[in-house]
Every structure is written in C-alpha cells, then in structure tokens.
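Starting off with a structure, shown below.
Chain naming follows the written order as A, B and C, and within any one chain the residues start at number 1.
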Amino acid sequence: MIGYILKRLGLALLVALAVSAITFFLLRLSGDVALAIAGEGAQKEDLDLIRKTYGLDRPLVVQYVDWLWQTLQGDFGTSLYFKTDVSRLVLDKLPTTIILGFTALGFALLIAIPLGVLAAVYANSWIDRLALAIAVVGQALPNFFFALILVMVFSITLRWLPVSGSGTWLHFIMPTIALGYYVAPAFMRLIRAGMIEVLSADYIRTARAKGLPTHKVIFKHALRNAVVPVVALTAVQLGFLLGGSVVIETIFALDGLGYLAYQSITYKDFPVMQVIVLLLSILYVLLTLASDIANAWLDPRIRVA
Amino acid sequence: MTDTILSVPTVAEATPGMRLARRFLGQKAFVIGAGILTVIIGLALLAPLIAPHDPYAQNLALRNIPPVWYAKGSWLHPLGTDQLGRDYLSRVLYGARISLLIGVSVVLISGIIGTTLGLMAGYFGGKIDLLVTFLVTTRLSMPVILVALAVVAMVGGSLWIVILVLGLLKWDRFAVVMRSATQQVRSLDYVAAAEAAGASTTRIILREVLPNIAPHLIVVATLEAASAILLEAALSFLGLGVQPPLPSWGLMISEAKAYMFFSFWLIAIPGTALALLIFAINLAGDGLRDVISPEGRV
Amino acid sequence: MSETILDVDGLSVDIATPRGALHAVRDISFSVKRGETLCLVGESGCGKSMTSLAIMDLLPKAATRTARRLTFADEDLGKASRKRVNALRGDRMAMIFQEPMTALNPAYTIGNQLVEAYRQHRNASEAEAREQAVHLLDKVGIASAAQRLGQYPHQLSGGLRQRVMIAMALMCGPDLLIADEPTTALDVTIQAQILRLLADLQRELGIAMVLITHDLGIVARIADRVAVMYAGQIVEEGPTASLFANPRHPYTQGLIDCIPVPGRTVPGGRLGTIPGVVPSLVGEIRGCSFRDRCSHARDICAATVPLKETADGHQWRCILENAV
C-alpha cells in the first residue's frame, strides 16, 4: 500500500511538471507578456525595454526553467494586474473556493443519495421517474443558465438572497445550488444503478432473513456496498466542481479562486493564470489519489489482504 | 407454388438490421431524443429559408419587444427582439447552427486525436500504453474550461478558435474508451488469427479492430458533442468564446444579462433552446448506449 | 403449545413472467413438529427453494405467495404484519442459504454480522452479543473463535463461511431452521462435515429443521420425514424408513434408483436415470405432472390424481395401484 501511494505521488509530481510546462508554453505562445504588462498600444521601444528587464527576450525554454526554479523555491512571482504576491493572492481566495466545492458536493450528495436510493428501492415507480426527471434536467441545464434562473427567482422576485458578492453565508447559497445541481445527476445515476445491483445480492437476503428492519437492510447492508464507486466519482466530480467554479463564481462575483482565474484571464495576468492552472491540476491529481486510497480502504478485500 | 415457398422465410426472419432498428424503436428515450434532435437539425439547416428576418439586422426603434405570448408582443417578431432590435427567433434559429457546428467539429477533431491515441495504447500496449495513459492523466488534471478560457483570451475569440481549442482539449474520453475497447478486441481469437495469418498491423486495426469498436465510439461522440456545446456556451457566456454579432446561444444569454430584470425571456429563450438540444443529445446518446453496449462499458 | 411448529396447507407461489404466471409451487401441504427434521427433495427447479423462501417471506418481488394456512408456532404468517415477521425471522425461525460465498456481506466483519440478529431481537449489549457469537462459533467447530470475529468473509474458506452462516442462524436459538441446499456449493469432503454438524446441532438443540436437498443419500441418514417435490407439487411424503423401504410414487422410486449403494452398485455400472424433462410450469398442469416421463404411465394418468395415504402417515399422489 505504501509503495503504491509513493508510486502515485511520483506520478502526481510528473503530471504537475507536465501541466506546468504545457500551460507555460501554451500561454506564452498564444499571448505576449510584454504587451500585457505595457498595455495595448504600447510603443515598440517600451516593449523591447520590458522584454529586456523581465528577461522575456531569452529563449522560452530558458524562461521556463527559470520560472520552474523560482516556483520550486516558493516564489510564485507577482501579479501583473493586482501588483501583489501571487501566492498571497491565491491563498487568500482558495478558502472560498474550497468551501464552495464542499458545500456544492454536499448539496449534490444530499439530493443524489436519497433520490438514488429511493429510485432503486422503488424501481420503475413514480419516485424513480421523478428522480430520473431531476437527473435529466440537471444534465441538460447549462449551469450558468440555471444560476441566472436562481437569481431571477430568489434575488429579483423573492428578494431573499443577495444577487452577488461574498462575505456572508447567504452569498454561498445560490452558487452552492447551481454548482451542486450540476454534478448531482452523475451521483444519482451511479447510486441508483449500484443499489439496484446490490439489492439483489444474496447477502441482502441474508440480512432480511435475520429479521433486520428495512432501513437497516438498505442503509447498513446495501448502501455501504453501493457507495464504493461513488467515492471514485467524488474525486472526478470535485475536479469538475473546481472547473465549474470559474463560471459560477464569476456570475455571482464570489471572491474565490474561480473568479480570480476569470479576472486574471481577462487582464492577461500570466503569473496568476499559470499558478491557478497548476494548483488545480495538483489538487485534481491528489483528489484522485485520495479517492483511490479511500476506495481501497472501503473494500476490505483490498484493505485486509 | 414456388412463390409461396420462397415467401415463407422472409416473413419469419428479420434481417439483423431490422432487428437492430426494432431494438432502437423499443427504446422510448432514444426515439424522443432522436426525434427532437432531428427537428433541431432540420430547423438549423433550413434557417435561411424559415427565419423571418436577417438575424444580424438591427433596428434600434424596435428594441426588446417581448415574445408574442406577452401582451405587447406581435407576430411580426414571434420571439420578440433583443437589445439591438434584432429578431430573436431568427437569431435562435441561426444559433442552432453554431451549436451543432461546434458539436460536430469538436467531436471530429477530438475523436480523431483520442481514437488514434486510444487505439495505439490498446493495440501496442507496453511503453506506448504508459505514455498515452500519462497523457490522459495530464489532460484530465487540467480544467478544460480554464485552459480554454485562457487560450481564447490570449489568441482572441472566434468560432474557429473555440472549435480548435475544444477539439484539442476534449479527446480524453475517446482515448480511454478506445484503449479499453481495443484491449478487449485484441484478445479476441479472430484478431489473433489475423495476426498469425501475417496481416499487417494497419490492416488489422482498420479491418478487424475499428469496426468492432465503432459503436462505442458513436456513443462517446454523442455525449462529447453535448459537452462541447455546453462548453462553447459557457465560454461565450463569459465573453471569451464566439464573438458578437454571431448568434451563439451562450453569447445571447450573456448579452441579455443586463436586461434580465425586465426582459428575462431574453435569457430564457436561448437557455431553453440550449437545454433542449443537450437534453435531446443526451437522451439519444443514452438510448444508443443501452442498445449498443448494455453491459455499460462506455 | 402444540407439537406442530410449522404448518403449511395449500401453499402456492406464482411468479409473474412475460409469458404468463409461472406456478413454481402448486398447492402443497406439509407440517413439521418440534425437534423434527423434514427433508424436501427434488430436482432443481421443482420449487424447493421457492417453498423455503415463501415460508420466510423472502420471495423475490415478482413472486406472490398464497396459502390456505401458513402458521408458525400457531401464529398465522399470512396475516402477520411486516414488523411481526421481522420479529420472528432470525429469532424464532432462521435460514441458511445455498451460497456461503455470496450470502455474507463482504463489507463487514463476520463478528459484526453475527451479532446483528442477537442485538436486534434480544436487545443485548455488544459485549453480550459477542460472547454469544464466540460461543456459537465454538459450537460450529471454528477454532480460535474470538479472533475470527474480526475477520472479513473473503478471508474464510467456503466451508468456514457456511459454518459461520450456521452459527449466525443459531444465534437466537430458533425453533425452526430452514437449510436450503447448504452444501451444494462446497467440496465433497466439506459437504459431509457440514451435514454431520447440522444433524448433530439439530439433535442437541432440539430444533425443528427443514433441509432442502437433491441428495437422497443425505436424506436417508438424517431425515425423520421426507417430502418429494416434482414440478411444484409434493408427490410423496412420509416417514423416512417407510418411504425408502416402500416408495409408492414412480418418481420417488426413480430418485432412489439414482443413489449409488456401496456393495450393491456395480463399479462402472449404470445408475438409474429418469428420462425426459420437467414440464413447463407456466399455466395449469392437468392430471399427473410426471406422466410424460413415467414408464408406468397409462391413459388414466391424465385424470385428476387422488391423494392416497396409509396409516403411518405416508402419502402419495399416483392414480395407479402399486405402480412401483
């Protein structure tokens, strides 16, 4: 197990390296940093001066190695737009996005688990069809459109929630729902399919033969086994949520990493973009690793080998 | 006499194609999804013929006219006009063309990349497999929307840039599915037989492997097309995708955002169109999957 | 308190299929006294398992149970609430299944699964329940029982798992134990051990047992009474000695001929076989269901078959006099 984890961490490192290189070259080849610093319409002499000062006239590979070396030493550079430390900036915004990620995930599971279980237990009943309808709509509805519908209903019509901004927990409600509903269908389908399979297992009959009450049969014996693949999906979906947070945080002007990413992109703030993409990649790889470990831990056949 | 004898087996036996068709038609979800999709494709193709107005023609005197079901609506502009006085129905119809074009082109690009990589990994195994797996992991770890936004912001947004960027980013699922499917087909007896008979690698891949996995490919392509359409809409919504005045549904929603308090229908109409298209593709895709691979490999 | 623990009268199980209702069990009646072992024998698909699942109310969703009378310890199971059935199951009546490999939940330790029923029905503490579990694991012949509690099913062999299943069924000291082909999935050497264990425990604890099997060799050794099932019906039932010495139904005779007897069966010689296949269980069967495969069949066998009985409680359904 330890060997496996070390191997995966090594892979994570390689992936992070590859991602950093890809983003660096992709961004540098598609945009001009000097122009971003000087602003549109700058004179050629000024641009040349900037290139010289910042070392942008060196070959890209050299610049990349230089950047990598500084990053490894913990120096993530300075934001071109916000004029502050990138690490400071990112660390300030990260908690908001992490909170949003987990509340959205919680919301998704909160609707997906009960509906998925009920849909499986009462397969082909009206509740199964209702769950299916909720899932199908959730998959088809673009999340930004759904977010705007929420704003229309809860902020403009009912005036219950603030339209945008951050600061209070009220600001998190609509982003949580918009982002959570976006990932809930996948969970719901997986739980329903898993439960249907598990409910016909022999050990469920054994549990019923023991005279256990229905809720114990379903939640202790069935759900425990049906939930294993859900853990693997959770990591993938958290990655999805991090990506989705760019759109949702921007709509609600929620001051997290996603909104920062959007701002840095519109202001062509290279150092910030680079670090955010790298950070999200590392988070994703670590999440999949965590889910693999959780998966192994959940399955005694792997854990107790 | 001969006629009656000959006609008996044709009545009793259905061709494989007919049986497959029957299985498809038995899938209510597939029929509904494919039906809606066909209508949308038809409307998109016929847009120049059926659109009541030029989708780009502005008329500042006729701005924000509500759709016909509102009291102030008129049949002249059944879905109203936007903030620049452009006919909304015409824009929505032309918007379907953009979404469909995005879906098809992105899937073509990403499908070719992903299929090639997955085929190679699954067929050759070993180091090539390791390399492709690493590429897939790396690609999966990069959030598509973020990278796409960044590149479009740098290079400048246009329909073709968006297609190219999404096509170059969204090949992962093709690669994963093709890899495992190829591995499975490879282990089948007749492929080993073809190999033993001295058939060339290219020939085996093209003649034996590809036709076997084509059905799975179609399912992935359907679902990926839906995802690409949603991504384009999101990019355009954030102002970093297709540029005005093109009638992309995502862009239309973005442009209408400022008017949402008074004219929510400006958002609701392209939003619903988008949701309906995705709904139809997903439904058809799920139906396809149930018919093609009931074991749920995709 | 009556002598009879389980009384089944006119039990039928119908399974809905696309081709129509499949009558898996057709109007069967039998009873089991306290401390008695009844063996239900027959080929696969004859309705043995469905009968046991029907008694335990564990039938799959598509199956429905009907009975004129179905009582357990004088309590009408047909009218019992879901809650009442749950209170009886695992406490007064317990069941052992065919597949020990899949009948245990892979996600929980055997200790966890053993104590469940005891805690549920006895309101016992975890410690008391574990004590009982150790006691029973010991009883079913599992060494170092206390350590076994922390193990997962995948760490045990098939034979051990079936012992665990038996211990699990006996946790609350049931009055009735239903064992549905408990040894079919096991190695031949293990089969004998498990059966001996079951027979010993049954005698020692004085439990009534319904043992379902297709192996008549086992039946001869441990059953008090035998019921032979064919195509969803009980075609013959009686005290073991009487039934083996004097089978009245041609099907029973056929089954007995299939048992190899040491000393009498010529090595390499042919055992008896019953030609033909079981009739479809969809729809009604008129007359004797066995007549298509019976070497004694006459035209008269298509008529309604009467139930015949001798003084010692030996019953059979064959219209012919002395067919065997």
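As a convention for this text, a residue touches a chain if its C-beta (ideal position, glycine included) is under 8 Å from a C-beta of that chain, and two chains touch if they have at least 3 such contacts.
In UniProt terms the chains read A, B = ABC transporter permease subunit; C = ATP-binding cassette domain-containing protein.
As the structure is a computational prediction, the values presented were derived from the model and not from experiment.
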Farthest chain from chain A, going by the mean of C-alpha atoms per chain?
C
Between A-C and A-B, flag the pair that has more C-beta pairs in contact.
A-B
Distance between the centres, which are taken as Cα means, of chain C and chain A, whole angstrom:
54
Give, as an integer number of Å, the spacing between the C-alpha centres of chain B and chain A.
23
Along chain C, where are the residues that touch chain A in the complex?
56, 58, 82, 85-91, 94-95, 97, 99, 102-109, 113, 116-117, 120-121, 151-152, 154-155, 165, 168
Provide the residue numbers of chain A that touch chain C in the complex, in ascending order.
201-203, 205-214, 216, 221, 224-225, 298-301, 304
Chain B contacts chain A in the complex at 134, 137-138, 140-147, 149-151, 153-155, 230, 233-234, 237-240, 250, 253, 257, 260-261, 264, 267-268, 271, 274-276, 278-279, 282-283
Report the residues of chain A in contact with chain B in the complex, numbered from low to high.
11, 14-15, 18-19, 22-23, 26-27, 30-31, 136-137, 139-145, 148-149, 151-152, 156, 239, 242-244, 246-247, 250, 261-262, 265-266, 268, 273, 276-277, 280-282, 284-285
